[in-house]
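Two complexes are shown next, each including chain A; its partner changes from chain B in the first to chain C in the second.
Right, the complex of A and B next:
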C-alpha cells in the first residue's frame, strides 16, 4: 500500500466494507427510506391504504387543531422533564451512596436494577394495581385506620401523568444508577485523595470535580433517557390506556390510534413526522456541539 | 405495494376456477368475541362448521374491536389473510374491498337467496359495494338499550324506572344507597356509543339521521342537539364514580347490583345470561331508553379475504352458507343476545328483552347505526371527544357541542 495513491482509499479494508453492505442497505432502505416515505405520505389524504393524493399541509393543520394532540404534547413535556430530572438526580444520588464502600453493595445494586428487567407493560400493570384506589396503596392505608386517605393518581385527570411518571422512574432509575456507578468508579482514586488533602468537603468534590469529569457518562445517560421519553407508549397503554378521558395521552399513542383504529394513515404519518421533527430539533444542535467540537479541538 | 396485492388477488381469482375436491379443511376465523357470553355464542358457529366436515380454527383476538381490527387489517394487507374475519358491517372494511382484497360473495348469495331471507334489507345493503355482496351479516346488534338492576333499585327504595327521565330522577336515591347510578367503562367507544344512544332517544330518529347521515353541522350545533348534550351531562354526573375499563366489567357492576344501570348494546344481555339472571325478574331492559323505541341495525358480519388455496376457498363457501343457516342463526343469537338476520326462524326460546327487540324490528322501527354512516376516522374523533367529555366534569356543554359540530362538519 503506497501512501501516495489516492484512489486506493475506496478499496482499503475492502472486506470490512463488503461485510457492512447489508447494514448500510438496511439503514438506507429501512431507516432513511421509511422515514422519507412516511414524510411524503403525510402530505396525502391516505386513509386505510396509502394513496398518493396530495392535500398539502391539511393533515398538519388538522393535527395542531386537535385537542387530543395538544394534550399529548403537554403530557410528553411534563413526563419528559420529570423523568429527565428525577432519574438523573435520583440515579446519581443512589450511585453516590453505593459508592461509599458500603456492605452488601452487590445486593443493593441487584435490588435497584431489578425493575429494569421488567418490560414497560408489566411495570404498567403492577403500578396500575398499586395505584388502584380499590385494591392498591389507598386501600392498604385505609385498612390501617386512616380512612380519609386518598391516593388515586390514575383516576384523576389533572395528576394522572405524574402517576405514570412514578412507574417510569421506578423502572428506569436502576439502570441510570448503574451507569452513574460505572462512571464514579472510573474516577481516579488519586483525585479523591487530592481533594481530601485540600480539605474540600465531599459534596463539593462531587459537584465541582467528579460530575464535570463524568461528562461522557452523563451524555450517554441523557441520550438513553431522551430516547425513552419520546417513544413512551406501552407504559401508558398498560396503566391507563390514555384515560381518564384523554388526560394521559402521549404522541406515540396518537400516531398508533390514528393509523390503525381511525384508519387514517395520513393523519398518523403527520403526527409521526412531528415527533421526528421534535427529535431532530433536540439532537442536531447537540450533535453539532458534541461532534463538531471534537474536530476543532 | 398495491400492485403486489392486486396481483395476488388476481392469482387467487384464477385459482378459484380450479377448485379441488372437497375435504376437511382448516379455516382460520378471526373475531373479537372473547367475553363469556360472546365465547359461548361463537362456539355455536364453530360447532356448526365442524359438522360440515371442515375444521374451524378459532382466532379470537382479545381486547374488543378497536384492538382486533388493526391486527386483522394488517394481516390482510400484509399478505397473510385468514380464512374469514369478523367486522362490523358498514364502512370498516370498505377500503379493503375497494383494493380488491376481499372475496365477492354474490354467487353464493344468489344461490342462497340472501336478498329474500335477510331482513331488514339495510343489512345486506351495508355488505354491498358496487352491486356486489362482500359479507355475510350474522346478527343485528342494537346499541339502544338501558339495562337496569332491579336489585339496586330495590335497595335504594325507588321503583325501577320506565324511561331515561325517571332514571335520572332516581339517581340521587341510588347515590344515597352507595350505588353508582350509571356505569360507563373507561374505553372510549363506550362513552361515544352512550352519546349516540342518547341522541337517538332524546333527540329522536330524525335528529339522529340529520346529524350522522346528512352531516348537517349547523343542526349539530343547534338547540335541538343542545338538549342531547344536557342529557349527556346528566349521564356524565351519574357515571362519575365508575372505576372500570372494560364494558363487561361495567355490565358486571349492574349484574351485581353495584350500579343502577348501563347504556350498552344488546351484547350485554349475553353477560346477564351467563350470570344466570332472568330478564324481567333480576334485570330490566329499556329499548330506546324507553323514550324512542327504535333499534339500530348495526351488527357483525363475516368477510372473506381472497385466498389462493382452492380447498380453503371452497371451505369459505361452506362457512358462508353455514353462518346464515336457520339453525345456526338461532343457536348463535340466543347465546349472543342479539337478533337473527333472518325473519323466517323460530325464536320461541327468546327471552323478554329479545322479544321486545323482535317486536320493534317487526314494526320496522329501525335506523342505521354510526358504523354504517360514518368513517372510522370520524368515529375515532367522536370517541376522543366523548371520552374526554365523560372524564372531565369541568368541560362545558357549549365547548363539547361546538367540537361535536366541528367533527360533523369535517365528517366523511
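Right, the complex of A and C next:
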C-alpha cells in the first residue's frame, strides 16, 4: 500500500504544480537567481559586458569614493526623512480629519488620492512647471509686487532635493491617508465612547490610545514608504534629470546610468547591491516581527 | 449610536444657529466645523492646484503664457497645443507626437494586464486551495522579492530576454510586467480565495471537479470584484511605469511615459510649455479616468494590496 502511494507524492496536485510554474520560475530564476547574479557580478570588473574577472571589493571602494554616489546617498537620506515624516504626519492628520464623520468625505478623499493615480513622470513634469522660476510660483509672487521673492528649488543645488520632495509628497500622501483611514476605521467605536466618558480630550485619545492601537498599520505603512523611497527614480528624471549638476542624483539613477550609459556594469552592480542592502536592513527586522512572531504566538 | 453621541456633543457646545427639527440636529457653524472644513478645503485646493494649472496652461497660446500668470484662466482658449502634443510633438528625429507612445502603451498595457492577472489568479488559487509541498516557500520568496529594488534584477533580465531574442520588443516588456506584477497580485488573489468558504471547494471536489474545473466554473465567476480590483491596480501601474519602459524597449516602442519625458525634457528647440502640459495631461488621462470611474474599488485595491500585506 505504502509503496504504491509513494510515487503519487510527486504527482499529487500535479495540475496545481504545473499551474504554479510561472510563479516558481519567477521566484527562483528572477528573484533569487537575478539577485544572486547581480551580487556576484558586483565583485567583477565588468565594463561593457558582464565578465567574471573577480576584483574583490574594488567596485565598492570606487563607489564610495565617487562624489556622485555620495551625493546620491545624501539626497536619498534627506528625501527619505522628509517623505517618512511628512507623509506619516500629514497622512494621519488628514485621515483623522476625514474620520470625524464629515460630509463630502468621499469627495475629499477622491481629491486627496487622485495624484496617486498619476505617474511620477506626470507628477514631476507638473511640478517642474509650477516651480519654474520664470513662469511659475516665483514669477507670480514677484508680479504681485514682492520683487525680491525667490522660490526656485529645482534650480538651486542646495535645496533641489526639497523641491523634489514637494512633488513626491503631493503624489504619495493620499495613499498614506487612505491606509491610515482604514486603520482608524478598524478602531473599535467603544474605545472612543470610553475615552469620552472619561473626559479625555480628543488629541490625547489619538496620541495615547488610538495611535498605539494602530501600531500594525503604522509598521506596514512605514515599510511601504521605505520601499518606495529606495526606488525613487522617475520623479528625479522628470523633474531635474539629476541636476543642476549632480545636485539631485539618487542611487537608482546612478545604477541606471552606469549600467546603460557609462558602460560600467561593475559599478552599476555594486551600486544596486548597496540598494539591496539598505532594503534588507529595513525589511528583515520587519519580516521577523510580522511573520516570525505570528508563527510562534 | 455615533450620531447620537455627536448630537449630544453638539448640543453641549451650543451656538447661535440651531435647527428646531430635522434628521441632523447639528450646528453648521460651530468652531469645530469651521476649523475642520476650512482645513480640508485648503488642503483640497492645494491638491487640485497642479491639475488646474496643467489644464489652464494647455489651453493658452505661448504669448499669453509668457506675459501672464500661470494661475489665471486663459483669455483665448485654444486647443492647438493638444493637437500638436498628440500628433506633431518631436522626440529626437520623430515628429509624430504622443500618439505613437499612446498606442505603444495600449499595446503594452492590455496584454500585460491580461497575462499578469491570469497567472496570478491561478497562482493565488493554487496557493489557497491546492497547497502542495514547498508552495509556501515560493510564495514567501515572491513576496520578499516584491521589496527587492528593481535595479538589482534589471540586468539579469536584460540578459535573459536577449538570449530568448525578445529584448527591446513589446513582448519582452509584457513578460517583465507580468513578472513584477506577480507578487502583489498573487497575494491579492490568495487572500481572496482563502476567504471563500471551504465547503464550496469540498462540494465541488466531491462532485468530481478538478483543478481547472473548479477554477473556471466556481472560483472565477465568484470572484469578479477582485478581478476588477486587480485590473485597476495593473492598468494604472503598468500605464504609469517608466523604468521598465526605458530599459526594455527601443525608441520606436517607447511607452507613453518615456516618450512624454523625452518630449518635455528635450534640450533642442524652443520650449512650448502649453504643448508640454497638454502632453502631460494626455499621459495622465488614462489612469485618471480609471481612478475617477472606479472610485471606491481603487481604494479597495490599495487597501487589499497594502494593509493585508
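The criterion applied here is as follows: the second predicted complex is superposed on the first by the 275 of 297 C-alpha atoms of A that agree within 3 Å, B and C clash if a C-alpha of one lies under 4 Å from a C-alpha of the other, contacts with A are read in each partner's own complex, and residues count from 1 in each chain.
We adopt the following convention: a residue touches a chain if its C-beta (ideal position, glycine included) is under 8 Å from a C-beta of that chain, and two chains touch if they have at least 3 such contacts.
All of these numbers come straight from a predicted model, not from anything done at the bench.
In the superposition on chain A, no contact is made by A:96 with either chain B or chain C. Touch criterion not met for A:229: it reaches neither chain B nor chain C. Contacts of A:12 after superposition on the shared chain: chain C is touched, whereas chain B is not.
In the superposed pair of complexes, A:182 makes contact with chain C only, with no contact to chain B. By the document's definition of touching, both partners, chain B and chain C, reach A:260. Of the two partner chains placed by the overlay, chain B and chain C both lie in contact with A:241. Contacts of A:155 after superposition on the shared chain: chain B is touched, whereas chain C is not. In the superposition on chain A, A:125 makes contact with chain C only, while chain B stays out of contact range. Once the two complexes are overlaid on the shared chain, A:37 sits against chain C while remaining clear of chain B.
Contact comparison for chain A: of chain B and chain C, C touches the greater number of residues.
Overlap of the chain B and chain C contact sets on chain A: residues 50, 132, 241, 260. By the touch rule above, chain A contacts chain C in their complex via residues 12-13, 15-17, 19-20, 22-24, 26-35, 37-39, 50, 94, 97-98, 100-102, 106, 108-122, 125-130, 132, 135-137, 139-140, 143, 170, 174-175, 178-179, 182-183, 189, 193, 196, 217, 220-221, 223-224, 227, 230-231, 233-234, 237-238, 241, 251-252, 255-256, 259-260, 265, 268-269, 271-273, 275-276, 279, 283, 287. Interface residues of chain B facing chain A in the complex, by the touch rule stated above, are 1-2, 66, 69-70, 73-74, 77, 92, 94-96, 99, 186-188, 243, 245, 375-377, 379-381, 384, 387-392, 403, 410. Taken together, the chain A residues at the contact with chain B in this complex read 47-50, 62, 66-68, 132-134, 155, 157, 241-247, 257-258, 260-264, 267.
The part of chain C that touches chain A in the complex is made up of residues 1-3, 5-6, 9, 36-37, 39-40, 43-44, 46-51, 53-54, 57, 65-66, 69-71, 119, 122-123, 125-127, 130-132, 135, 138-139, 141-142, 144-145, 147-157, 159-160, 178-179, 182, 186, 210-212, 236, 239-243, 246-247, 257, 260-261, 264-265, 273, 276-277, 280, 283-284, 287-288, 290-292, 295-296, 298-299, 302-303, 306-307, 309.
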